[in-house]
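One chain, chain A, links the two complexes that follow: it is found with chain B in the first and with chain C in the second.
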Partner chain A sequence: MLTTVAITVDGLGFAAWLFLSSVGLTLIYGVMRILNIAHGGFYAVGAYASAWAIGLYTQTGNTIALTYLIIPAAALIAGVISGLLIERGVLRFMYGRDEVLMVLVTYAIFLILEDVTKLIWGTESYISYQPAYFLGTIDVFGIPYTVYKFMIVAVALVVGLTLFLVLNKTRTGKLLLVVIEDREISTALGINVTLFFTVTFVVGATLGALGGAITAPEISVQPGISAEIIVMAFAVIVIGGMGSIGGAMIGALIVGLARAASVHIYPPAELFSIYLVMAAILAVKPYGLFALSQGRKI
Partner chain B sequence: MTRFFDKTELALLAGMPLLIAMLFVLPQWVLNYVQVSLGTGLVALGVMIQMRAGLVSFGQGLYFCVGGYSAGLAGRMFNISDIFLLVLIGVLVSLVISFTLGFLLRRYRDIFFAMLTLAVSMILFGILTSTEELGSTDGFNLPAPTYLGWLPEGEMARNALYIATVIPVLTIAMLLNRYLRSPVGFVNEAIRENELRVEYLGSSAHQSIHITYMMAAAVSSIGGVLWALSIGHVDPEMTNWTTSGHFVFISILSGTGNVIAPLLGTFFLEILRVFAVDLSPNTWQAILGTVMLLTIVFLPKGMWSLFARKKRQTRDGDDLPQNIAGE
Partner chain C sequence: MKNRTLSRLGTVFKSKTAMALAVSVLCLPAAVLPVSAQEDETVTVGFVTFLSGGAAGPFGIPARNAAELMIGAINAGDVPGQYNTPGFAGAMIDPIFVDEASDQRNADFQRLVQRDEVDMVVGYISSGSCLSIAPEAERLEVLTVLFDCGTPQVFEEVVTDPQYTFRTGGHATMDSVAAARYLQETGVDISSIAGINQNYAWGHDSWRDFAASIMQLDPGSEVATEQFPRIYAGQYGSEVSALLTNRPNVVHSSFWGGDMEAFIIQGQGRGLFDRASVVLTTGETAMHRLGAQMPEGTIIGARGPHGDLAPESELNTWFRDAYFERFGTLPTYPAYKMAQALLGLKSAADLAGTIERDAVIDALRGLEWEGPSGTVTMALAGGHQAIQDTAYGTYHFDPETGTSSLLNIIRYDAECVNPPAGVPSLEWIESGFEGASCE
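For the complex of A and B:
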């Protein structure tokens, strides 16, 4: 019983974190057909920016409560700057190229971003635990959990819901769906596709940075986190079907629960349980659970 | 084309005594880099032959690691230190694994292939990092190799291993060159251009890809065994996706035009790394990334196209643009 509760709550926590870190990836893929390895870099930039800002702020001795504003602000600034630089500086020259080639391009950007974070923030680790413990803990069936964990779950839900509403209920969202459907026709209809691309990329980058920023208080931020998160984010969006936001949510839940289960039942399996689940799902549904069907090219 | 060896093979044949002669010319530290990069160069070759079919493997580190670990485990558990046996074991294990995985992977193309190979290699990474018996993230050391019962010592041991690396690597490169010019090799290029038409013509794309995948696995595992023996150590980083990314990087940089290209590319990169890390340790990856971007934009067929450009123009049909317009 206790294990079941622990797996469920921890799984939800993992899932929220995974969803926030991977939804930007699936959004960018869905709209731009770019599988963005550099997304791990956005996550790291967000995490560093947030941990660093929290560190600076807590030194002033003011109330910790304000850090809950610092986290999203750090993510926004880090995501918008790095997203804009990369989209305007590199990617826009590459549009229309082969999808595989775009993976390699973003891999190159990932490598560059990795060193840029090292140059800005150094190689030592940043620890900014204060926001995670400020709100205290609550007991779930006798197991104490930080309130912060549930806050992340709430944020993930809000982000997911907002994206869903924007995409399906607003004019902009509907136009975006048209762009996804057919780039050329949308241009002919007078939709500013370039602008949509830029905005999507920056939003995706900011979401990635938010994933990092919001996790920063729970982990030690150090070099290498970008490489770790990107492979997990891949697993999440591949399970859900690339380009599908609902799919990312389901994928995050599956991966989160699988990881939590292995942590509680058989800890050594923690890392590979994720990919095992992914391989199992792909063996049955080759392009993920909610993938759009694609015609074969002749 | 009636000659038995083509130009590439002649170059490789000539390279063999030349590289061995370097034993008496080059300083030891350069020789070490030659040896190490021949090992990793084989893995890059494995990535490259798959790239010919338009498949980018972001998990070739898997077989690099399988080779290294099976050699290491054979040494640890069965006290096998004979280099020929170790290579054989590495190849066998990787063939079994790649044969099995091939059934799943051959169904995928493009980014799905890239991500699935990555996922599979990360499974092994996960297993190895959490297995205390195998040294977890630290890995373990390998015994010194013997040659049919002969255990050389001191400088002799270094030279013997060097020669034992040069000869098989160049031989394999020659064999792969043959393979790329064989029917299956050409089917692979056709798959890259248009898979459906290949099937209409009566060839099985799945089968060709499966064979190529296993071939790449075997070659990479030999690279893994030789690399592990020259370093004397294996650890899970060998199968981390960043290592695989490095192999992809080499293939992109050197291009898929010729089997010699990845071998040379690996060596130059290794030497470049020595100096770059010396100059500023935290910008090495940024340099790599920048070079990669520049290569993709300005030399889409890799560095090798610089050498091969003239020849290409005279041979028709060989230089089709990679992305033919129109859907």
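For the complex of A and C:
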């Protein structure tokens, strides 16, 4: 019983982190057909901005509660600035190119972002644990969990629900779904596809930065975190179906639970549990669980 | 080696007689003095540490800083004690720094040797790097000093008859055996242990030796759980839960860098450090940075008697002061181990009176020298693997002064925590530490 509870709670916590870190990636792919490796860079920029800002703020001695506003603010600023710079400065000149070429372009941007974070924040790690500790812990069947972990789960649910509502219940969202379905027809209908691309990329970048910013209080923010997250994020969106936001949520949940189960039941399997699940799902559903429909070429 | 003196002289002395006379005159001091005066000569040394990635901040950069500090001091003859002569046997050190965070470590090593024509290589923090570089060094016949990595596999399984490869720091067995002895001697209940270590050679070897040592010290001890998350995972929520639900008395971790810091944050936040005695074999690298965040009572190691565990000496004081003055922070163990490696090479070159590869290798094999953290002896693997004393302590943070320190420091002789020459680590532990000399 205790193990089952632990697997469920740990799996949820890990899934929430994965979802927040990968939903921007799947959004950008769904709309723009860009497999954005630079997404790991947005995650890192968000994490650095958040840890740095929390560090500065906590030195003032004011209440820690305000750090819960600093985290989204840092993500918003970091995501909007870096997203806009990259989309307007580089990607807009590359639209329409082959998807493989775009992978190389975003990989180059990823490497640049890795160095930019070092130029701005140096190579020392940043620790900003205060928000993770401030709310204390709650016991679940005798196992203490930080309240902050549940806060991350709540934020992931809110982000997922918001994206669902925006895409399906608003005019803008419905127009975006049209763009996802067919860019050429969208353009012919008078939809400003370029604007949608810019907004989507910036939103995706900001979501990536939010993933990093909200994780920063739980980890040591240091060079290299961008590479770690991008591998996991790819696994999630491949399982869920590239371009599907609901798929990213389910994919994150599957990966989170699989990893937690392996840690608790058979720890040696932890390293490959995620990829085992991915391989099993792709063997049955080669395009992932909720892949967008593909037009058949004649 | 670029002996510019001889080439310049060659243009002045045209006759063979004059040249022979000149060479004789130049060689005369070398025959008289233990250290030859070859100040126009340079020795090109490739330094490989993490300059980017997760291991750069806590390990690679301190090691590079120490290398820069020591190169300057050695070239100027400013290192105190027996090291107060310039260079390696008079030859000035010319460094080339290379990033260890590379997918092509062997190719980078080959470039250093074949393109940059380095005379020797000092480097490698990751055990994974050492396992791949050691055979490469033997193949290319380049004097290579592994200054930090810990896996005992390097000379026990991969390169069993080293000719060109040396390791000037102790291996993981020393850290694990000393940790187990420290727990027993400080009265910690070791009847139930658990481990969280990274899933590669370093993590597996560290845990293997620690668990085996505990079993020797308390045969009734049980392993509650053993966790091996991938390196750089960063998220340890499930592992912390597993450690909490299995309720071990002791948690052992050889985590390092950001992984260790993340584990401390996540474990401390959930009370793990209050429920079990936690041993961090590399904890010294983070204790000053974390300050109050390092949980009180954590058992801290430094992979040798480095940093706060270093015994007082003129050399240690000089090193700490010089490092602090230049970099504004105290040196941690990667810095100590880099200094130790360079002083070992200087000792060997000075003893040989030359920087010729074979002469330096002969001198370094089985050598004993003084580093900032005490005596180092190349006692294992045919004189290619160092042993040295080590120590552990218990962490204490003083909130009034804001300073971190280690209490209850216990020192262990090198022969107490290292296997005798020719005996594999695990075999030695499982024999009940046969031949160990513990005072």
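Just so it is clear, the second predicted complex is superposed on the first by the 293 of 298 C-alpha atoms of A that agree within 3 Å, B and C clash if a C-alpha of one lies under 4 Å from a C-alpha of the other, contacts with A are read in each partner's own complex, and residues count from 1 in each chain.
Criterion: contacts are C-beta pairs under 8 Å (C-beta built on N, C-alpha and C of every residue); 3 or more make two chains touch, one makes a residue touch a chain.
Please read these numbers as outputs of a predicted model, since none were measured by experiment.
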Item to check | Clash-or-fit label for the pair chain B, chain C on chain A | outcome: clash
Checklist entry - Does the superposition put A:W17 against chain B (first), chain C (second), both, or neither? => result second
Checklist entry - Regarding the shared-chain residue A:Y133, is it in contact with chain B (first), chain C (second), both, or neither? => result second
Next on the checklist: Looking at A:I219, would you say it contacts chain B, chain C, both, or neither? Reply first, second, both or neither.
Outcome noted: second
Checklist entry - In the superposed arrangement, does A:M278 touch chain B (first), chain C (second), both or neither? => result first
Next on the checklist: Once chain A of both complexes is superposed, is A:V263 in touch with chain B (first), chain C (second), both, or neither?
Outcome noted: second
Next on the checklist: Output check: A:M151 vs chain B and chain C. Expected answer is one of first, second, both, neither. What do you get?
Outcome noted: neither
Next on the checklist: With both complexes superposed on chain A, which partner does A:K118 reach: first (chain B), second (chain C), both or neither?
Outcome noted: both
Checklist entry - Looking at the overlay, does A:A6 come into contact with chain B only (first), chain C only (second), both, or neither? => result second
Checklist entry - Thinking of the overlay built on chain A, is A:I64 touched by chain B (first), by chain C (second), by both, or by neither? => result neither
Checklist outcome for this item: Superposed model, chain C vs chain B, clash-positive stretch out of 6-14, 24-32 or 114-122 is 114-122
Item to check | Contact residues of chain A, present in both the chain B and the chain C interface | outcome: 114, 118, 123, 267-268, 270-271
Checklist entry - Contact residues on chain A for chain B in the complex? => result 35, 90, 93, 97-101, 103-105, 107-112, 114-116, 118-119, 123, 227, 231, 234-235, 238, 267-276, 278-279, 282-283, 286-287, 296-298
Checklist outcome for this item: Residue positions on chain B within touch of chain A in the complex are 54, 56, 58, 104, 107-108, 110-112, 114-116, 118-120, 122-127, 129-131, 194, 196-197, 240-242, 245, 248-249, 252, 282-286, 288-290, 292-293, 296-297, 322-323, 327
Next on the checklist: Quick check on the complex: what are the chain C residues that touch chain A?
Outcome noted: 52-54, 56-58, 61, 101, 199, 225-230, 232-235, 237-239, 241-242, 244-245, 257-259, 261-262, 265-266, 269-271, 289-290, 293
Checklist outcome for this item: Per the touch rule, the chain A residues reaching chain C in their complex are 2-3, 6-7, 9-11, 13-14, 17, 114, 118, 123-125, 127, 129, 132-133, 137, 143-146, 148-149, 215, 217-225, 228, 259-260, 263-264, 267-268, 270-271
